[in-house]
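Below: one structure, written as structure tokens.
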């Protein structure tokens, strides 16, 4: 019956409300480069694992040295270490990409590396493997990218007016203009002033500028904002203006910056009450913990490590200001699974605005999905979940990730039916909800 | 074989050593009111879920506005949102109540709401559905309520002298007279003085008053105390008297109050060594996190959220003062499942006084029960567990909750047998222990 | 197929790279004493459980009083309480020892206690039950002990020159000479000076002395160091010398001691880069939490309780100094399972030096092993694990513990195959890796 339930949702359209694809791919529709630059170099799930076993990042095409490497050699290095991925979701996703998308029938290994490299290269030159064609073939109904609040969204504009029917929408990510500890904070404010024409000398002008950017994003189809923060901390400040001025003059302390950001999260939630944008909070990743790798290769290089969370204290101020608003949507993502049953499920099972995001990052995996359902559903139910999102910059892996989720959904629901908690009809209904509809609802993507 | 094991314990008497039923029900034996006031309005598991999906609490009969609602309309609103409970234990309990207790054969839905409402209303008017009759029919051997240290226990007195054979016993809950941060602390002390005739001007008089109240509870069948605290913190104070005086004069800080309470937990444990009352500690719930709901509707409205626990540090002082006393019983309840295997099981597997309470609140659910056994038994064994308690104010749901536990016990034990850890005989013995006997032992309810 | 997989690794040699056996057993090869002193008195897993149920430690042969007890009476007390171990790994291990090693066919109980006591006593008098013979019969390829940095390793010396072929190697455990809060710290430094001839008046002399001790251990076959610490805290000090002098003069605070130890962990890691010793960090156990038991019976008496961990912050300084060294091995052991998926797996899946140790202590159990694989593999893969180690001072239980692990490995891998994540060939390969080879690699024990 798991098979039946899965087959019932396997081919439903893909709704991808949060991820990191490059809108430029769909604006230009240029062919993807070689297999290494497509599948290895940009995928931090892949190169972190090889790095952990002693393969230098430069051998994997990463960084300045890496960019000079022959992509075929990079792909070969990857293939030689393919055994490292046994038991990981990366292996499942990659096999899906190779087999389903590229039609490769050989198993990946050092022996087959060149063969497979050539096979994929050949495919990438064909029109059916251009970004828009793949988007259509994957059955993607809508794809959200993640975009800086300072982005002019020109590529999104191009996609919309291109005549191509694919729905690609931006997501408003304002970290750079909210985080006073960002070294570029002041320059970012200058850009914000320039883009909006607002006077950022006053806190009110700053808020107006943010509202204008949100409105601009909405015009281009945006339905959500996103925040990436280490620790959740919110506080409604009486003196937000004073703190704003201090940070603008680069005179704020780290604690000032943290408090200001925590205040701005509440301002953002209040703007969401007004303009209807769903608010996403991705919290609990300590970024760039490997300083040498950060210096040489930059951010997002596999050294972001989760930390323990305290959502209850962290969101107290925000929730007590706007949390009872029934048409606000705030979606929470955690990397600390200990907070699923302890905090997120009880919170989402009470506050009208809250929804729990799907298993995130390391936990977007078969066992991670099973733990999520096990620990979340009994207290939050299904209707306080936000469905699935793939959260990936690896465009090719999108169908694989949704497929893994849908299999996990089917396995979970079948067990519930087997235990007698509900019948087959309910399971079929919930399967569709979890595969597509809850995500649409949570992100306001129905229309 | 799970079925067999379950059938072997299914109809054993119900021992309910901790819960929040109203002793007045059994004192007056008045009929329960309508279905809404019986099943919806008082059940925070139920209305929190509807509130989380945008249904105002007043529509659910909660609060001053709510009390004016037609109970039939409240029940209808509940039935319309019945799908929200898919996958939750509330649904299992409610179905058990509807089907087993009221003999309702239709599935709950907006279509059947009125029909079922009438069916239940009809039953509630019958003598077989009065509190005492249900108590007997449910096979309850003993039921403990939870009572303020300042309660005169008049209703318990009535039950005992009523000639009815049901055993209903009080539990001594002294939070109001131990917590110096309680706004009513000083008035509560005045009441305590009045009730006991003790001079509460001195710390010794205060201790004597507490001892007298405990003795009074014991006279009415009480075998246990209960403490509900946010964070566990204990400390043996040299200057308890000084702190007591400061708090009595309303001059204490919040920290004074916390330290004093932490000291009094040890005093309570010492009194338990003397008078034999089992001590319960329910810790780790941050209460009333939704200030607007608290202001308008009061406490226990679904906004109590668990927090991370540190039992090791928190109980260090208490355990090092009385923990090696082999005939003291201290039962610990956690909402932070991370502390099951990390702290509670190792602690209960060492300290003679400790027992681990059953899965509490959000975790009193099929998956919660499975996680409990999975994470607790290997380190603590079975004999350091305190069996089951339903901890409910929803009297009707008591059989359903014990039934869910007994099914969970059977499923767990059958897996243990299947893995070869012990034989069928042991499983049958353990099933009975977990269903009834461990609870009796832990709470001294054998006689 | 689980059975097949298990049979394929069941009889592989035992590699035991971390544990607490006494090297003297193999130096003298004297017969083990009576069953009580062999199986009950030294096993804190066993006596803590009986103590938790009210059996005084002295009845179990522990402590000064205990040593006067008749060992037969001790064994009888143990047998009478055998039911307490239902569901625990201790029961599985003990049954394995009784049935497999001693050929006992009766079930342990108060009725059979004397019979079994005599049966084991008889066996212990036979040459086949001497330490070396058992070592050979158990198929132990290599066994590491844990030895103070101040140990002269005379017993190891004797084993090596005895002509017996068994490989027993020491492990360098320097806590006593790194921990300035240890009351014996200064005396320990004096002994260190004496042993090495170094001038410990200077920090450089101190480092040299440590290097010399490591070299001495290496000469006797040592391949690893070990650190047992409560909280992980590392920091590279500019003024290590000043702090060293302060602690030497007994003028340091507790915080000085903690900071100094945290600095020395980094020094140790740097020495490992130089001399190739694998570094083990066992962190997160709060030791001797029962003060009365500590005073009367000493350490390791069942009152060590795990605490919550923050590996990310705690190792930041160490990893950023040496963590990118691909041929360094640092193995992390946790008792806080919440850190498996949240911290350890992501960290080991990035840092080249890190490996995750097997489930430790309370979690070395069937369900503990299942949780470990469930939470660790998807993010860290299999190749970032350190295989198994039994970590025991109960020599007789070593085969039982490896057997339990191997069964757990087979069960895990069979589920992975059933879910379609990899094929039978991969499973067989991984089974051997997890049973033997990963441990050899992680500890440099190949040769």
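Think of it as A, B and C in the order they're written, each chain with its own count starting at 1.
Rule of thumb we're sticking to: a contact is a pair of C-beta atoms (placed from the backbone, for glycine too) under 8 Å apart; a residue touches a chain by one contact, two chains touch by 3 or more.
Since this is a predicted model, take the numbers as computed values, not measurements.
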Proportion of interface numbers common to chain A and chain C (over half same, under half different): different
Cα superposition angle of chain B on its copy chain C, in degrees to the nearest 5: 120
Distance from chain C to chain A - Cα centre to Cα centre, in angstrom: 41
Overlap residues in chain A, where contacts from two or more other chains coincide: 308, 338
Contact footprint of chain C on chain A as seen in their complex: 48-49, 51-54, 83-89, 91-92, 286, 289-293, 302-308, 335-338, 362-363, 365-368, 371
Complex interface listing, chain B residues touching chain C: 308, 310, 312-313, 316, 319-320, 323-324, 326-327, 338, 341-343, 345-352, 354, 374-375, 377-384, 416, 419, 421-422, 426, 430
